[in-house]
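Several structures are given next for inspection.
After this come two complexes, each holding chain A, first together with chain B and then together with chain C.
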Partner chain A sequence: MNRTYLIVKYLFLLAWSTFVVFPFLWALSTSFKDANAVTSGARYIPWLEFEPSTQGWKSLFTSGSQGINIVTPFLNSATVTLTASAISLVLGTLAAYGLSRYQFRAGFVKNSDITFFFISQRIMPPIVLAIPFFLMLREIGALDTILGLVIVYIALLLPIAVWVMIDFFGSIPKELDEMAMIDGCTPAGAFLRVILPNSLAGLVVAGMFCLIFGWNDFFFAFTLTFTKTQLLPVAIVSLNSSVTPWWSLSAFALISVTPLALVAILVERFMSRGSLSGAIR
Partner chain B sequence: MARIVLRGLGHSYRNAPQCETDYALKPVDLTWEDGKAYALLGPSGCGKTTMLNIISGLVTPSEGRLLFDGRDMTGASTAERNIAQVFQFPVIYTTKTVRQNLAFPLECRNWPSAKIAERVDRIARLLDLSDILGAPARRLSADQKQLVSLGRGLVRDDVSAVLLDEPLTVIDPQMKFALRRKLREINRATGITMILVTHDQSEAMSFADEVVVMKDGQVQQSGPPEHLFARPQNEFVGYFIGSPPLNILAAEPGNNRLNCPALGLSVGLPRGVGTSVLSFGVRPEHIHLVDVAGTAPGARVEAVENLGVERVFTLRAATGETIKVKSRRHKGLSAGTDIGLSVKLGDLLVFGNGRLLGDGEAYLPSEDVG
Partner chain C sequence: MLQPKHFFLLPALLTLLAIIIFPLLFTVRVSFSSWDVYQAGLDYIGARNYLRVFQDTRFWESLLRLSVMSAISVSLQYTLGFALALAVWKQTKGGRLFRVLFLVPMMTTPVVMSVIWRTMFHESLGPVNDLLSVFGIAPVPWLSSAAGAFASVIIVEVWQWTPFMFLLLLAGLVSLPREPYLAAAIDGAGPWRTFWQVTFPLMAPISIGALVIRLIEASKIMDTVYVLTSGGPGTATETPSYYIYIRGLRDFQVGYSAALSITYLVLMIVSLTIISKLLMRFLIGKDS
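Moving on, here comes the complex of A and B:
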């Protein structure tokens, strides 16, 4: 019984991991192929089925007509995502703390309505926002610039940060703030000196969501830029011309996935909420 | 350290309180003298915690004023008030060590680090925390965590008052006893006002110079424990203070006297009671069991509860009323036995509409026996 269960379990896990990992393996193997190996039928194993070539990887770092410039889009993407995520995280955390600890009221609008307003920004289909964003950025001359994208990305990431952090602060007992104030902190001091250190897990989760959504966004990076400012997802798609260089494309895709994969491995231990229990009782 | 005065202080969690029941704490005038140990006693939800939170500044009262040594502190920040408070359940800073936890209130007030270290060590020794000062606070057991909370409350030596909101609930009984004594010692040694919220009356009686009894957001009575025991201002206080509670017995006016059929006693009819519903109260400790053969009124023993040194007898009087008696004697008495009752007239309390008649010593039942 136990043995059968184990076998079934591992078979399932094996099947599932193959399913998940396969696209990466495929991309990895393709990135080392030349044009010939790509077009002549299904081949996966280097040396055995095809002769590996590093032309795909080399092309990413050579400039000129033969090469594809990956460095500039990579830096652009990194700048936009990191800046927008950092700002969203700071503003979002402050907003979420306010909403979780104080009662706001303007007419019939209460805390829950404000929270919903934030979240509703993500419920809306992004395409609805494309034209307004385009017009607004054109108005301030921020189309096709890093600054313009940062502004738009903050608008997209802020709701995520607020959402995650409201939930997280809700799980931190209010007594902790009260205690800090009785111990002599100002309300701001209580937040900075007591609540924030206790919120590392939440901040990491919210930050990670921001990074993922920011780094992966294609739609706004595509509609709000032309030629000057290119982000990674747009750069990858633009490789897809009449003759697609599958080897460069695969290498490109792998490189653009790497940062997020590294982040995921680094912060995995924060993804469980266990680290915050025990503040009260 | 300060004399804390509540002047017409009340609080409602609603926006516009309409009637009395809207108040979590009904407007009250109360003075907490500097340096005394107080116990705030009352059933759950009677406004004890609201009152503490108003004093410490976590709650802003909807009406009335709060004075520290005559200074109006109603709107002052928690830091300005310099109150220490310990909650019912331990609140600790999980990201800090025990030492950092204890030092935090002092760091917030920018004490010099040498002084902080000295003070932390002293409090740690007092609460037997010296060995675990370096440990991360989140690893501690529940009662150790509460000791840390308590330590954080006691670490400042200049506080206006220490408010203890049922802090001993999670502590195991033996430790509880020792801690209570320790708190008392600290109060005596430092002269810091302490207010202990509790619903355990023995805790209140043994800790406090003065006990304040609350019910439904209203202060019922305050005074020294003995006084509350001997002269409860109303039936609630009589019922709440003392274990088993005060026996409440029917009082029947007749012949210009007030008779207690269950005990076979009668007192002179108190004046000015009009149509009040009258009743007698007598402490279980003040009823003596005597031989049934005499003239004493009888009762039947229904149950005996052995408390170790003492026994609590549940008796059924001839009138059908239940009477509890607490005694160290009569070890052989068992259920089903008939026994006589004897009560000194001075131990008899008379209530009109639930309130003690004759405030203080003004009215005492007269000496005649019926």
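Moving on, here comes the complex of A and C:
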């Protein structure tokens, strides 16, 4: 490793870090601005370049016409994402285990076809299903409700859970199950008592992917809800298209990306322990 | 009949079939009807909608635009993600900090960050043009010119999804075997040659996986476009998803948008299959 290489490498890492961090810093700075500070051109550093104000943050917790209520959309998003992720993770893990340990056959359909069916759902553009989902939810009276979104999000997240877990179970030797069953476990017992405890890393990764895709979805939340059940991404977009000031928008954005930014730290924990390389792929 | 193994698979399979298959079949059926805002309901008009899709230049242009857009943004993501993964792979000061930092954009909600990016690209009040002016570059009409808007969408996509490439490629690098490197070192290969003759070929399978996954996701792009440019100016950044959204959920031409959706879905499946086959031949040098 010569000197020029090291200099280039650290310059590159530094440049990319700046690029990554900049939008967050800009949002943070903007969230403390007032009308004056925004309309006088780009300003960055509070106190030095502009007088900070907390009205952006305050407006998020004020209800009524003056404020923007962030609490309800936040709770809605959390409920939908957590419920759908939990259900998908349970169903997906079971299915992935079944597919990795048993042979299924129905006519010409084999294991690999079933696996492909699950994973191929990721190719489906959301727009293809938007209108039928809309009509279907209206039919069962679940339009604009938490329940309706949970149903749709399961379809979105289940393939991800299956995809991660099938790979993970593939890396756990089958002898483990066989030994458990020789010891008198039922198939369900072997799965619950032997395999699951050894799959924690895979479950964490699958769970995280579910949380990410659930929390970040905009399209279905946007087309299948109106005013009663608003999720965070939809709430911020509707603010964006009205005359909402930049400072409220920025504060809103920061609050809605924080939960998953914390998840990023967890992912790195697992990655540094090397368990991610086995669980992902 | 029902064995224990079925209790593992069936709940998930039936759930997914129930949620996905009926809507999909319904879309196929609707695509043969003239369902629109004046006439709601399922009649049968044959393949008329599909003939109209065939002549709809706005749709084909959006497909071409999507291809160019995803080709540029995914190759940028791959190159940058690979470079970043290589940079933090071997012992690097602050390596852990960089790794956490680099993952963050992937975790953020695309539409939420697009709202922030929109303020950043603002022509007179945003920081992007302000910083460019430091280098003596005249203000760029980011969101109001065709080329600017196109570039903005790509910049945001690269910001958001390079972390995904970084994550997969770093996971791949970490699990590479040691022996080929020893052999290369004995041969006296420099870092440049080692990369092209050892690292890159060994990383080919995971590279293909990462590229294909990203292309699949990129082919669905709509959120970022909706918030950042609304497909504009004009139709300069309109993607197929966004165009179908306008036809179906704004103009309420349900039948026609269903035909567009099915055409789009089939084209995506076919082209992504071909692309992954080509990638395999190109990067591994053999079929499947």
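Heads up, the rule we're going with is that the second predicted complex is superposed on the first by the 265 of 281 C-alpha atoms of A that agree within 3 Å, B and C clash if a C-alpha of one lies under 4 Å from a C-alpha of the other, contacts with A are read in each partner's own complex, and residues count from 1 in each chain.
Following the convention adopted for this analysis, contacts are C-beta pairs under 8 Å (C-beta built on N, C-alpha and C of every residue); 3 or more make two chains touch, one makes a residue touch a chain.
Just so you know, these numbers come straight off a predicted model, no measurement behind them.
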Partner, of chain C and chain B, that touches more residues belonging to chain A: C
Touching partner for A:Leu99 - first (chain B), second (chain C), both, neither: second
Contacts of A:Ala261 with chain B and chain C, given as first, second, both or neither: second
Touched partner set for A:Thr186, first chain B, second chain C, both or neither: both
First, second, both or neither for A:Ala27, with chain B first and chain C second: second
Chain B versus chain C as contact partner of A:Glu51, first or second or both or neither: neither
On chain A, the residue positions that both chain B and chain C contact, one per complex: 186, 276, 278, 280-281
Residue ranges of chain A in contact with chain B within the complex: 173, 175-176, 178-186, 189, 193-194, 197-198, 200, 276, 278-281
Residues of chain B touching chain A in the complex: 56-58, 77-79, 82-85, 87, 89-95, 104-105, 108-109, 138, 142, 145, 149, 152, 170
Chain A-touching residues of chain C, taken from the complex the two chains share: 4-9, 11-13, 15-16, 19-20, 22-24, 26-27, 30, 80, 83-84, 87-88, 92-93, 96, 98-113, 115-120, 124-127, 129-131, 159, 167-168, 170-172, 174-175, 191, 206, 209, 213, 216-217, 219-220, 222-223, 226-227, 240-241, 244-245, 248-249, 254, 257-258, 261-262, 264-265, 268-269, 272
Chain C-touching residues of chain A, taken from the complex the two chains share: 5, 9-10, 12-13, 16-17, 19-24, 26-27, 30, 38-39, 41-42, 44, 91-92, 94-95, 97-99, 101-102, 104, 114, 117-118, 121-133, 135-136, 151-152, 154-155, 158-159, 162, 186-188, 191, 212, 215-216, 218-219, 223, 232-233, 236-237, 240, 246, 249-250, 253, 256-257, 260-261, 263-265, 267-268, 271-272, 274, 276-278, 280-281
